[in-house]
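To keep things simple, chains are lettered A, B, C, D and E as they appear, and every chain counts its residues starting from 1.
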């Protein structure tokens, strides 16, 4: 394991960077990034540490953002209330989906989560309050505890940062908890774990619910930041995206998902510029079109990651340092 | 005076048209090392699976300490203190040897669902874990990754883990299978040692092991109980020799001298 | 002196990163029964697997019937007439006992006929009674028998048997011993990995004792008595 | 101040709407800039484009960033109403004119109207009303709807139904199909059973196309008139005349109306090997209109330019005497078109014949009806 | 005569239509099952390759003037070949790893393939005409059934049965099933397993390609036509349980019919009904209707 001091220093540096970021980076963008980072971490808790590949996390992300959005926009709830409610909703949804999906293992689990999420997508599509393809618009940021006005980007930024850090800390703790140990054991050899008296399914379910809840937290926060919730959040492509984030960053590593999220979000927003840059560098005109072929690029990265770069960036670094990843 | 810890009453298990275990009644005395022997396919492993509820008996009932556990789930059975090992080794390859044993002990703390606590509170178990490892001579491999152990050592680790559960009743399915000879000796001694204050039900093909430590032996054949008694009685039983040991000359030598 | 069927020369083998065999050299001649002895983890199974190219990576020279096979794919090596009976038995769950038995395609051009199904069933009556039940529903021992029987059908002339006496009831072990005698009589070449020295001892013409992925000792049946002390200290028999 | 004047264009360039607007829309804007001379108020004109991949969050963050960091002076919003609605709020905050082309949601000029919205090309209400009105007037009184089962489909159906009933027609019923249904035959059989004269297709894109195909296959086109409530020429193109013939559609622009339109079309087609959709034409026109206003107002200041825009009628190849209302609606004539038979079609992309021109006043929600807070009543 | 206010004859018609969709589900889930069997890969790209099949049919007609019947043979071959390339160059390297990687890779491929076609042919897609031979419709009395749809049902059933027979009833099939469990061992019997795997994947995706061609005249040929379908097919596979070939086929057809009926009685639910059934099955019989308990 990496020495704890090294760890602490690293995290301290990162935290500092987070605190200073708005000075250099565009705050709204930064907030969005944080939300997705949290999303990815929550997802990784399941994939990286429990070995369950969920293809339906969009349901929790989007579900929570709709709930928060609805309560804040039409029911006049405050930001905190909204976020809490959204998170709880996601947890509940997670409990139900998990309860059903955990009946099957491995790839089946993935397919089931995918199918359930798709079902949820259709429900959202048809439900009146989501506004269908118009999305749920005009979610007010409101006042934090009636004191701090969140309409200021900076104020909101630090709230989001706090939320993200808290979420990240929780994931880190879960991984290194007695519970985490049992998860590892189950991932390794389920029948043995059972014969030692551990009800594997209940452990998986709890892990699933935790992951769902944190995902919800991310979703709710995002809605607050951007002021709306749309169908994209519940669409299966979003589930795919978060998988990619975790993959690029390195599954089963704590920081991997954060890095992955950063890369993907930047890519989504900047691909055009990247392409133009390439074009001017290489003089190959095709790159100019890059901005218009995000799916291709994402797909390509996906394939490359799976084939050549399975440890992901952070995983690779740790590996180079001869460190065993989770 | 008889004090049965585990009673199986007329349990049967059929697979499709095939009766793997056919109306077996078993009476395991507290404190005994009770061996279950029989030709391949006699139904030994299946019996284990029934007694630990990894399989549901088609008929019959099972009593543990007088309580009916026929309806329990494997986890419940385990929690009552009936711990089994498997015919094929069962360890957590991705964890270190120490972690393997510790995981067995961890349940005792009752914190396994505490995802908000630090795992450092498990280190209180390390001492006990090392003891257990010492018992099977794994102490100096404590921090190895289990995957890198040869087969025999994995079996030993499995037993150590099982012991950690402080089981009232241990079921060992061919604990010495695939072990080097010095391992066999060591494990036999180990079983004898841990049998104090415990009851052990084991499947074993190695006659030396059985003759050395078994207090009572039940011979299964084609799912039925063929004979029961102590080693002398059983090994001199002509039916048993016929069915199991083939001919007298190997009776005492067995498969694994 | 008959021609060598298998010649390993300085064979190294790896599983992933871990280096398992360190320059194993051995030779098996036509019609011989050779036994690999050694403690757990000494590399006997790996030797057989390396022979068939089933280990991760392998280097050195593996000549079978005079052909260098070091960079051949497994299936080509097997087609030279090898029959492998793995340690973990390798019975297929999705196939019935009989389908398992019939699975391996007969090896052509090995110059010998495989055993007929009837012969096999008479050798292992259990298999006959359980013929139609799924492979892995067989008991540990039944699976072992099936694994051996399966090889005898294909007409392989070189048998690689890994711990076939493992987990078998004495009566069956005796049957197997007799079977191996017969097979030797029929001119099979047999390499057997054995934990159970008392099984292998009387059967083998020559012995290789392995330790830490190397051949530590080689001797013939005749020297057996003389070698006992050395064996005791190598194997702790 | 100096420095270039910047126009931002954000739309779906990789997703389902990329044909009807997409990259080509961006090019149309650049054409407009070129035609205008490349600079205004002595400042160079720059065009920024971005693909929002139908993700409102990407659209919103991008637009916000453009204004904050690149000082973009006007944004043309492409397809996807979620993206448009999200962006509209930001534009309003930043006081930057926002020309909405691709998005059809009438919320943009009602509940969600802002002083900086210009809903330039069309909206779902207009489309529904024009088809309904024109057809009922022509005597096709009994209707049945095939409706995409979500907000968008529902509102199309609702708007059309009101008009049908309002002008003395009847609605026999409606069947709702899920978005992206693979097979429409079962829904269509139900429609056929209704024996209505017109089948109103309250869906769009792939759903619309697949419904029409199935309708042909099951011979429904023989017994009912099909009226597409949201159809673009690209849809007709990919359906092919053989399948699409006789279909009734409403649009705000068609390339083969007069010399101006044909001129624009010919320039466009040599760039993209396909005819411009009404949206791409609108992109061009919107840019021109804004630039003219800037020139007239002598400033790029949002408020002032909006003022200028509201008081000058718009005239170019895209629109005749268009006016921008307080609620942001650009009011212009709409056209009821019928798809030609393969025989009638004489040249490539010769798809429509004009059945009727409906004046804007009849097509769009009137200010009286408008739910927009900016409209003084 | 009526049932819940729906004329019985209309109902018959709807049943038939359901069967048409059912055949697509059947062929697709069959392909998935075959591939999963030997490769332990859930081929997410199945939808994309289905689309590719349809696209090829269209391209064949537009660029090479090849008619439907030629493409009905050619397109699956091409798709199959592509599959072989994919297996040899990519999937091959993942077998030793967790099966999830296979899913992830094919997911990536899906995005890639769809993205490419979208950037070339746009999103709204092309339309493909029904072959002249199958033009028109037959009046069955209770409904007008387009001849082409009848053909779809017949063709898919034939393909499904043939596949089932080979895998369950022949020795080749036995080898496939054995390879499914322990390819290395089967290889040690002298069987050229790598080739067997490659061909199986090729065959599985060829089935998807075939379904694509069959679908071309019925659905709009567009880059996204597959991705909508595939998730439903996944649900179908879960319901049937990947264990059995026959299961895949039967469930596919059955769900097609059920979906068809929901369209009549409760259209709102027709998009979710399959998923609802999946949930019920999972609760009552987790291994799936035809799945073997593990």
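Basically, contacts are C-beta pairs under 8 Å (C-beta built on N, C-alpha and C of every residue); 3 or more make two chains touch, one makes a residue touch a chain.
Owing to the predicted nature of the structure, the values given are computational and were not obtained by experimental measurement.
*Asks:* Listed by label, which chains are in contact with subunit B and with subunit C?
*Replies:* Chains that touch both subunit B and subunit C, as defined above, do not exist here.
*Asks:* Spell out the chains that contact subunit A while also contacting subunit E.
*Replies:* Chains touching both subunit A and subunit E: D.
*Asks:* Go ahead and note the Å separation of the Cα centroids belonging to subunit B and subunit E.
*Replies:* 48
*Asks:* How big is the gap, in whole Å, between where the Cα atoms of subunit C centre and where those of subunit E centre?
*Replies:* 44
*Asks:* Go ahead and note the Å separation of the Cα centroids belonging to subunit B and subunit D.
*Replies:* That pair's centroid distance is 75 Å.
*Asks:* Taking the mean of the C-alpha atoms as each chain's centre, how many Å separate subunit D from subunit E?
*Replies:* Roughly 37 Å, centre to centre.
*Asks:* Among the residues of subunit D, which ones contact at least 2 other chains?
*Replies:* 14, 18, 149, 178-179 - these are the residues of subunit D that touch more than one other chain.
*Asks:* Touching two or more other chains, which residues of subunit C qualify?
*Replies:* none
*Asks:* Can you tell me which residues of subunit A touch two or more of the remaining chains?
*Replies:* Where subunit A meets two or more other chains at a single residue, that happens at 122, 126, 289, 292-295.
*Asks:* According to the definition of touch, which chains form touching pairs?
*Replies:* Chain pairs that touch: A-B, A-D, A-E, B-C, C-E, D-E.
*Asks:* Could you list, by residue number, the parts of subunit E that touch subunit D in their complex?
*Replies:* 10, 13-14, 17-18, 20-21, 24, 115, 118-119, 122-127, 129-130, 137, 143-144, 146, 148-149, 218-220, 222, 224-225, 228-229, 260, 263-264, 267-268, 270-271
*Asks:* Can you list the subunit E residues touching subunit C in their complex?
*Replies:* Listed in rising order, the residues of subunit E that touch subunit C are 171, 174-175, 177-178, 180-182, 184-194.
*Asks:* Taking the complex as given, what residues does subunit B use to touch subunit A?
*Replies:* My answer: residues 52, 54, 74-75, 78-79, 83-84, 86, 90-95, 99, 102-104, 106-107, 109, 111-119, 121-122, 161, 165.
*Asks:* What part of subunit C is in contact with subunit B in the complex they form?
*Replies:* Touching subunit B from subunit C are residues 18, 39-41, 126, 130, 133, 137-142, 144-145, 163, 165-174, 195-199, 235-237.
*Asks:* Write out the stretch or stretches of subunit E touching subunit A in their complex.
*Replies:* Touch residues, subunit E against subunit A: 36, 40, 42, 90, 93-94, 97-101, 103-105, 107-116, 118-119, 231, 234-235, 237-238, 242, 268, 271-272, 275-276, 278-279, 282-283, 286-287, 294.
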